[in-house]
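Shared between the two complexes below is chain A, which has chain B as its partner in the first and chain C in the second.
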Partner chain A sequence: MSTGESSFKRKASSESYLLEVENVCKNFSGIRALRGVSFSMEESEVIGLVGDNGAGKSTLMKIVSGAYFPDSGRISIKGKEVKHLGPGGVRELGVKMVYQDLALADILDVPKNIFMGMEITKFGILDDRKMNKQTRAILKRLKTTIKSLRQPVCNLSGGQQHAVAIGRVFIGKAPSLLLLDEPTAGLGVEESGKLLDLIRTLREQRISIILISHNLDHIFQVADRIIVLRNGEKVGERLVKEISRKEVVEMMLGVV
Partner chain B sequence: MVKFYIDEVKDWSVIPGSLKTEHTHTKTEYSKLDGRARLSSPSGNKKRNTRITRLKEIIAKRNTFIILIGFLIIMQLLNPLFLQLDNLQNLLRQIAIIGIIGIGTVMVIITGNFDLSVGSMLALGGAVGSQVSITWGTGWGISAALGLGLVLGLVNGLVVAKFHIHSLIATLSTMGLIRGLALLSTSESNISGMPESYLSLGGGTLFGFIPTPFVIFIIIALISSFCLAKTRFGRHLYVVGVNMEAAYLAGIKADALIIATYMYSGMLAVLSGVCLTSYYWSASPLVGKGWELQAIAGVVIGGVSIFGGMGTIAEGLVGIAIVRSILNGLFLSNISVYYEYIVVGILLVVAVLLNILIMRWRIK
Partner chain C sequence: MILFRRFLEVVQEHSSWLLLVVLSVIFTFLSGAFLTFQNFVNILQRPAVIGIVCYGFTFVIIGKGFDLSIASTVGLTSFLTAKIISMNGGLIEAILACIGMGMLIGCVNGVIVTKLRINSIIATLGMMMALTGIKLILTQGHNIYIHDVLRSRDKVFPLWLRFIGSGTIGPVPTLVVINAAIAIICLVILRKTRFGRWVYLVGANESAAFLSGVNTKLIRILTYVICGLLSGLAGFLLTAELEVFTTRNAMDYLMPVMLAVVLGGTSPLGGSGGIICTVVGTVIVALVRNGLILTGMPYYMQEVLLGIFFISVVGVDVYYRRKISGA
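Up next is the complex of A and B:
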């Protein structure tokens, strides 16, 4: 099976990639979620990660973000091997993730969710005024209006909840790699468009992005490269301009 | 067959309906829970609806402090003895001794767990504190008790956080276990003969009026309240209580936080035991039975959610003051102490029902 390796140049091994995933395997109580997946990515690149349900996309992303630990294989970020850092430690290295289920604390208010785990303190005391101010600035940047920041996020609309989850990315240092797991799921056409614009803007700011989506339209709109997973294995990796949608779908379903 | 399927559906975005994961459903469930969303629907009598919303808001925001004051006035009207100096001192001491436990209970409940072993830890702590202070002096007695509380809390915390045993089962087990240790350590009898300095801890007063335990209680309450509301530690406790998974993904060390709250709860429970035994001048291995219920009922009445992630120490302690005032009123009216358990049981059920209703309305 052609994996399209020839279609883009590999760097010499001495140079370091932004992210390098080597032969990563992960089992969940007997189910082989990932069986030796390898890929690498460079700065300001957008990768679209596609595959059918259960192909291992989310698992792979969660391993990169530090939420899961791989059973075997290596993950290196900026040339440094990442081992048992956990989500907080990987975030320090400049990798941030927006999870598919948004991972929000639903009865807490908006600033508490945006700054969850990254609270600003002054002499050890929470600086709520500063956090509220930054929350407003971030929501403005995301072109989202939320009437009252004090309300619990479960009272917000789906789009607003998405904005809160994505807003978390803009706290603290700018990430060098952003992982987006189905960020357009449940969003309307207009909101999806806004999100794709945001992805383009972020790439211009030299932030690399891995985007998981079931919507191939969205992937083809923003991605430079597509990686296809099936049953926990990488079955294809191509530049977007060198592949058609039909070919991607065939790779996903394994009908070639 | 498969190929045909692909050729038929050229636009991939049509397919996702079947491929998308289920998470979009949860959002619609939230809006069902949201009372305001339902009430703002055009159907029904608008005027009546706004009145119901108002009523719901009043219940949800139940200003428990006003309820407490109201209770005190009613008690005073029913029984003039209620607000007399002797009884007031007694009431403050009772509120303090169970309130110290309540502070720990609030913290544990905010993380979404329970600590049922506080009553037993109180008994064991009091017994150990008394015995050590008789032989080695008060300083050693109190230190030994507090150290013991931290160790017992650590055990509770480890069982809950590391072995993932439900906190109700875990602390129900340690509740029995620690009660047994208390009985063993005292050889099933009361201990007395503690040094003067030990006894002044529970029986003394500040300015000749405010009982010492109440002073200790207020100081601990203020410090704990500050930590819960104004530090990252406190903020993270709420996150852990609402969504453990989200807390983990946000880089919050939930296990360590849960263990810390149990250790704090254990330390406060034994401190309460020390205050109680020093006030009684004797340590009984049977004290504190059912106090975990009083503490939980109190803080939930005050507005701390049993589902975790919601409530403050002040709210919880006002709730405990309400429970103690009611029990004190019963005591003054010469009603059998056995009713205490019945009343606490009823209060707990009412509090939990209110809690569930408020969570359903989602009015804050």
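Up next is the complex of A and C:
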């Protein structure tokens, strides 16, 4: 079944894509990080976003997640334009991001990190018992064991910290779109495998995923489509089954 | 290495309690008068008013901010209170004026630090200087002897003010009860509300908090507002306690506050500590002063000892934090 092909056809204006990125530009003090990038996305799709260092991948994702505002261009989620929504607002629309540095508060414990910004309250008071319980459930779902939840997350192993960062995704409403920035970086073989399985499972649950990774093997294992950025521009967009690794690398490096 | 890390963690987490217990034991041995109920009352009574400023300061420190203007806020509101009382104002007016002034000062501090992105030490230093200047203009360097002023108008010193400043509720001084009540309220806010949780998040990792949808600027501003509010309230209580306003009121309200909060275990690096820590810290400082007086040590010993504790606690904390981000 090729979801990739149908998404290349423009939809009628009455329908809306899950995510539509139109001509997005972003400058950082004179450095043009993004120069007019456009693409769109549907449900149950996995897109691999690749490019060399400095190509603009993280910047693009941070604009979609609301962490940055674009200098020009449009981002629409399910038809709603997200011009000046911050991370909280974008999350309300169903978009969640897991950052490359995990964005964890090192000295705070596991439940505080998982529920960051999404704390559960009962009559205005924090419901720690419920949050602890849900934290355990999420860790179980991610097949990760953490013996004591009360310790600061800086004490956890890399894999456990990753689990905490990803576990945030399962708090609150199920997301429609997940942005993962180098989720397998620093993970061992087994843990990377678990993550890729998770991506496949989520895709089956009609959650779309944009995956940034330097690891083309991983991308080719789970992605439907691949988008290549170079120097802030989109230089290629193909279905994964219609392109080879070599061609991807050539596009990334600009060797035509 | 892991074992050492765990050891550091335990020490860092409990260093304040340990210090408190050790000091109590030492002083009990050194002086027979230490372990008495009356002495406990004495120990708690001295820091009752300044402790309230410490609670406000705790909010700011947890949020990784700093407020050098607290002493001048207390001084200004102490003056306001004396002025209002001597003009026959009432309890409500005095309290509202102090709290309002304190919140305004805190709000300005917060906005300058977050919107203008000026370093909190520099910004609040500027505020401190501004407030000192304002106080000078308003007081013209004069003191307000409330009793005299009221007597000259054939008025009596308000009973409710006397009750707050020097009265007792049962065996416990009113000021200590007020301090305890405020401590409990602040504790609940910090530990059990979403706002309190967000203060810790902003202090621990501001960008992570932002990416999680927390309005970090607003949270930081609110910590300054709370600090200003409590400093303002402390100014009112100070005047109630002293029953005069002199230009030296609240003169010593900056360093001891920083000392107590940090000694208690609230790290200046943000994201940790809390009200209980601050209470422990305040008690430690009061205990040291009390104990050293009881054992007849010279005054400067208090400063030396407290200075040594301060450096040790900060040292352990910084070392611990460095180990965390390194590993």
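Throughout what follows, the second predicted complex is superposed on the first by the 243 of 256 C-alpha atoms of A that agree within 3 Å, B and C clash if a C-alpha of one lies under 4 Å from a C-alpha of the other, contacts with A are read in each partner's own complex, and residues count from 1 in each chain.
Criterion: a contact is a pair of C-beta atoms (placed from the backbone, for glycine too) under 8 Å apart; a residue touches a chain by one contact, two chains touch by 3 or more.
Since we're looking at a predicted model, the values are computed, not measured.
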With everything superposed onto chain A, say whether chain B and chain C fit together or clash. clash
Under the stated touch criterion, name the partner, chain B or chain C, that contacts more residues in chain A. B
Quick check on the superposed pair: does A:Gly86 touch chain B, chain C, both, or neither? Answer first, second, both or neither. both
Touch check for A:Leu216: first (chain B), second (chain C), both, or neither? first
Kindly classify A:Glu182 by the partners it touches after superposition: chain B alone (first), chain C alone (second), both, or neither? first
After the superposition on A, what does A:Arg245 contact: first (chain B), second (chain C), both or neither? first
After lining up the shared chain so the two structures overlap, which partner does A:Ile107 touch, if you call chain B first and chain C second: first, second, both or neither? both
Partner chain in contact with A:Gln161 - chain B first, chain C second, else both or neither: first
Overlap of chain C and chain B interfaces on chain A (superposed complexes): 65, 67, 86-89, 91, 97, 99, 103-108, 112, 116-119, 121, 124-126, 152, 154-155, 168
Touching residues (chain side chain B, partner chain A) in the complex: 2-3, 6, 11-13, 15-16, 19-21, 23-24, 26-27, 30, 33-34, 36, 230-232, 235-236, 238-239, 242-243, 245-253, 309-310, 362, 364
Flag every residue of chain A that touches chain C in the complex, lowest number first. 65, 67, 86-89, 91, 97, 99, 103-108, 112, 116-119, 121, 124-126, 152, 154-155, 168
Please output the residues of chain A touching chain B within their complex, sorted ascending. 52-53, 65, 67, 86-89, 91, 97, 99-108, 112, 116-119, 121, 124-126, 151-152, 154-155, 158, 161, 168, 182, 185-186, 214-217, 245-246, 249-250, 253, 255
Provide the residue numbers of chain C that touch chain A in the complex, in ascending order. 5, 9, 191-194, 197-198, 200-201, 204-205, 207-215, 271-272, 321, 324-325, 327
